[in-house]
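In the two complexes below, subunit A is the common chain; its partner is subunit B in one and subunit C in the other.
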Partner chain A sequence: MSDALYNILIKGGSWQTILSGLGVTVQISALSLLFGTILGAAVCFLRLSDNKIASTVARIYISIVRGSPVLMLLMLLFYGVFAGSGLKPLTVAVVTFSLHTAAHVAELIRASVLALDAGQVEAARTLGFSKLQAFRLVALPQIVRIAKPVYQSTVVNLIQWTSVVGYVTITDLTRVINNTASRTMEPMLTITIGMLIYLSISYMVYGLFALTERREVTVDEHH
Partner chain B sequence: MKRFLSIIAMCLTVGALLVGCNEDRPSPEDAKIGILAGLNVGEQDAYKLVRKNNKKLTDYYFVPFDDAKTMLLSLTSGEIDEISVYKSVADYMLARRPAFEVSTAHNFPFNLSDNFCCAVKLEDKELLASINRALKSMKDDGTLERLTKQYITELKDEPEAVAMPSIEGAPTIKVAVTGDMPPLDLIRADGTPAGFNTAVLSEIGRRLNRNVELVSVNSAARASALTSGNVDVIFWVRVPSADDLFPLNFDCPEGVDISEPYFRDSTVHVGIKK
Partner chain C sequence: MSIIKVRGLKKNFGALTVLDGVGLDVEEGECIAIIGGSGCGKSVFLRCLELLEKPDAGSIVIDGREITAAGADVDLIRRSMGMVYQRFNLFQHLNVLENLILAPTMLLKMPRAEAITKAEELLSTVGLLSKKFSMPAVLSGGQQQRIAICRSLMMEPKIMLFDEPTSALDPTMVGEVLAVIRMLTKRNLTMLIVTHEMKFAREVSSRVLFFAEHGIYDQGTPEEIFDAPQKPLTVSFINRLKYFHYEITEREFDLIAMQNEIELFGEKYGLSTMEINPIQVCCEEFLMVMLERGYAAGEPIEIAIDIAYSEAERRTEIVFESRGREFNPLAAEIDEDNLDDLGLLMLTRLTQAHEYEYVDGLNRMKFIL
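Here is the complex of A and B:
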């Protein structure tokens, strides 16, 4: 067992290759989360607008993207739409996961907005708050609080979805784990190690969200 | 009553579809053999073809896998009885996993071997002709034999990294590597592609005065990578023309052409040591 662990993690600088793959996974996840969240908010705005065309386009976008397996979407974009475009594989991957994340974020924000008590915003407007002030000071904090648990799951899911980028010539953590398993002929042990690394990333995400919740409670107590 | 009957009919249809009226289901006596999945031909097509041509294979049930390591996982878990792999891969595997051995318990009643070739897009006729010329010269001057010894038959540990040609101003050939077939195609611990296939392509690049760029991709996506133009060359396995079990190029995807072979390897079965 110790020989196998040495071959998997240490020999030949294997740990550096694993870290490099981990870096690619984190990079794709972080960029996709950033762009996906911004795009998702915009799509949600269109979805909830009174403009029927905008709302329909947003609804179609959400249903198509959410209904498609992310691997197929990725391969369609990389080997089809963007084939020969000169775009780097990493760029296409970030575009794909941003589009996919945006669809999920749009729906979770929409659900949070619908869960909001409309009376509070109306009361704020009656008290003289402008539309923007009512949204920023009354609606937005509550939307964020309601959306947080589902958003946390979306972040963890996104990190796991990125494991398919090996199909589009990107060497991420999963690809490195697969290569190591093939090279060492120790697939069970290598895959277990890979899974533990992914679990660690997921728990770091949970920890970050828990930290923000603790900070909110501390601020509330001080007030 | 009508509604009740239509629900029953629907359930029976779904049940028939899920269970399958397919004759190709393993019986308890069948030997379950892991094989590498064809990219273009479904496992049922290959299975029926083999059964049609050789009735002695009725006691086997083939389970397809994308790569050697997944086959090994399945073998270890007891899902399959043996795996059918190339001898070079089996030797590499057994050198690292003493718990396994070459097994003859469920050997096929014939010798099977495959040719390893390069594949290019159908319209890349000039590149294909150049690769074939390079391979012929490598065969004639003994380079292929030397590389076979260095990277396969006399390989001690992990193969050394292969230096890719770096020629200023020369065009670049992009080659897909998967890392799934050591010692033919593997990724070293430091992340650099290595192995026999890589060494052959490096030498071809030198003889064609072209740079070689290696692109790592999942095995199942290599045909897509080639036909979409993301790579120029992939490695492909072709059944020898003398073998009457399968038609020539039976697993060759549309829009792809295949070079002359640079290596031929027989198939053996690997099982768990008793």
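Here is the complex of A and C:
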């Protein structure tokens, strides 16, 4: 057992390979989350706009991306759209997962906006707040609060979905684990370790969200 | 100078004209009740004053500033007008105190400590100081509405607009909110109140506007509108009767449920407990006598109660229709010393008049209270 662990984790600097794979996974996930969230907000804005064309385009985009496997999108972009463009595989992966995340985030924001009670924004406006102030002070905090639990799952799902990037020659955590399993001929143990690493990343994400759970109290019993 | 001046106001929703050519001058300190049927544009009118609805034509001048003018600083003009909504619209992510101090600290740059002191004073006047750290969601509708009123008052508005402030409340909570509004009439605020509470409108307002046919159809003092309406639509609106209907088909009917419904009916139309109580007693006593003496055991029971209340005359009429053999409980002499006749005695004492007839197997007894 300890021999096997030594082979998997230590021998020939194996841990460094695993760490760099982990780094690639985290990098793709983090960048995709950042761009995907920004793009998702923009898509949602179009989706909710009064402009028929804009909202239809956004709706079609959302349904195509959400309705097909992300691996298909990745292959389409890598072997099709960006073939011969000289873009690095990692860049194509980030583009893919950003587009994918954007569709999910757009729907998530839309659901939260619709769940928000428009009367509160109206009340803020009649108190004298501008449109922007009403959005920032009344709508946004509540949209964030409604969206948070689902957004958390979106993040965790995104990290797991990135495990398919090995298909386009990227050496991420899954790919490294796969290679190590072949090299050491210890698939059972190696893959279990891989799963544990993914599991711990997920729990770190949940932990981060839990930290933000504490309500931003401005006036309370201790003022 | 009028504090609110409306000229030629027009508002359509698509092909539907809601308001057309509405004009109004409101003097400072007036308390105006706005009444009218559903969909007559009362609420839309109020929302136009706040520019929550954009008028299709016309001008609105608030305290010397035209809110409908191109380039008007709408946000600034709105500060001088408080708006209270049917659904309270408290900020759900903030506690009561935060709801109150948000606007004054952000917009008027009032120091925080000063805002909190002011908020606490207002909360104590409406009896809700103990709720200052509560979140809105845990409060009752009546409490939320009182807090929403305080939230508006924090901005020291000259004008308060109330859009059906008690329509979304349980009847039990209407009183507490109306009491707060009544209190405001002593503050020299200019108030416009859209309401269905006729009794309240009559009590607090100095002028009543009756909305119909796309605008202000009729207006006058509460006495002119409620006691001596002249124009045909006003007359029919004011004199319309309120109805209550209840049917009993078995001896073991749910008396408590019936009494409760009568109570809710009465409260809805502003009847006091002193007025509701006799109606309930009258129904109960009549039903008891009827079930005991009017129907033999096992006979099918079919009794309908219709209560009609005239808001204008403050008069209640109760009609009992019972199918079965002819039976007039009040036909026989009432023996005042006989305990069995106590119910009948109460009936005659509580009611001003009664009429009885028997037609086609139907006993029809009418009481006037």
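As a convention for this text, the second predicted complex is superposed on the first by the 214 of 223 C-alpha atoms of A that agree within 3 Å, B and C clash if a C-alpha of one lies under 4 Å from a C-alpha of the other, contacts with A are read in each partner's own complex, and residues count from 1 in each chain.
In this section, a contact is a pair of C-beta atoms (placed from the backbone, for glycine too) under 8 Å apart; a residue touches a chain by one contact, two chains touch by 3 or more.
Quantities reported herein were computed from a predicted structural model and do not represent experimental measurements.
With both structures placed on the common chain, the touch criterion links A:138 to subunit C but leaves subunit B unconnected. In the superposition on chain A, A:53 makes contact with neither subunit B nor subunit C. Applying the stated contact rule after C-alpha superposition, one finds that A:11 touches subunit B and leaves subunit C untouched.
Look at A:166: by the touch rule set out above, it reaches subunit B but stays clear of subunit C.
In the superposition on chain A, A:181 makes contact with subunit B only, not with subunit C. When both complexes are overlaid on chain A, the residue A:128 reaches subunit C alone and has no touch with subunit B. In the superposed model, A:79 makes contact with subunit B only, not with subunit C. Considering which of subunit B and subunit C touches more of subunit A, the answer is B.
With both structures placed on the common chain, the touch criterion links A:20 to subunit B but leaves subunit C unconnected. Under the contact criterion defined above, no residue of subunit A touches both subunit B in one complex and subunit C in the other. Those residues of subunit A that touch subunit B in the complex are listed here as 11-14, 16-17, 20, 75, 78-80, 83-84, 166-169, 171, 175-176, 178-188, 191.
The touching residues of subunit C, counted against subunit A in their complex, run 50, 52, 75-76, 78-79, 81-83, 85, 87, 89-95, 97-98, 101-103, 106-107, 116, 133, 148, 151-152, 155.
Interface of subunit B with subunit A (complex): residues 67-70, 72-73, 76, 92-93, 96-97, 158, 176, 179-182, 186-191, 215-218, 220-221, 224-225, 227-231. Contact residues of subunit A toward subunit C in the complex are 117, 119-120, 122-130, 133, 137-138, 141-142, 145, 218-221, 223.
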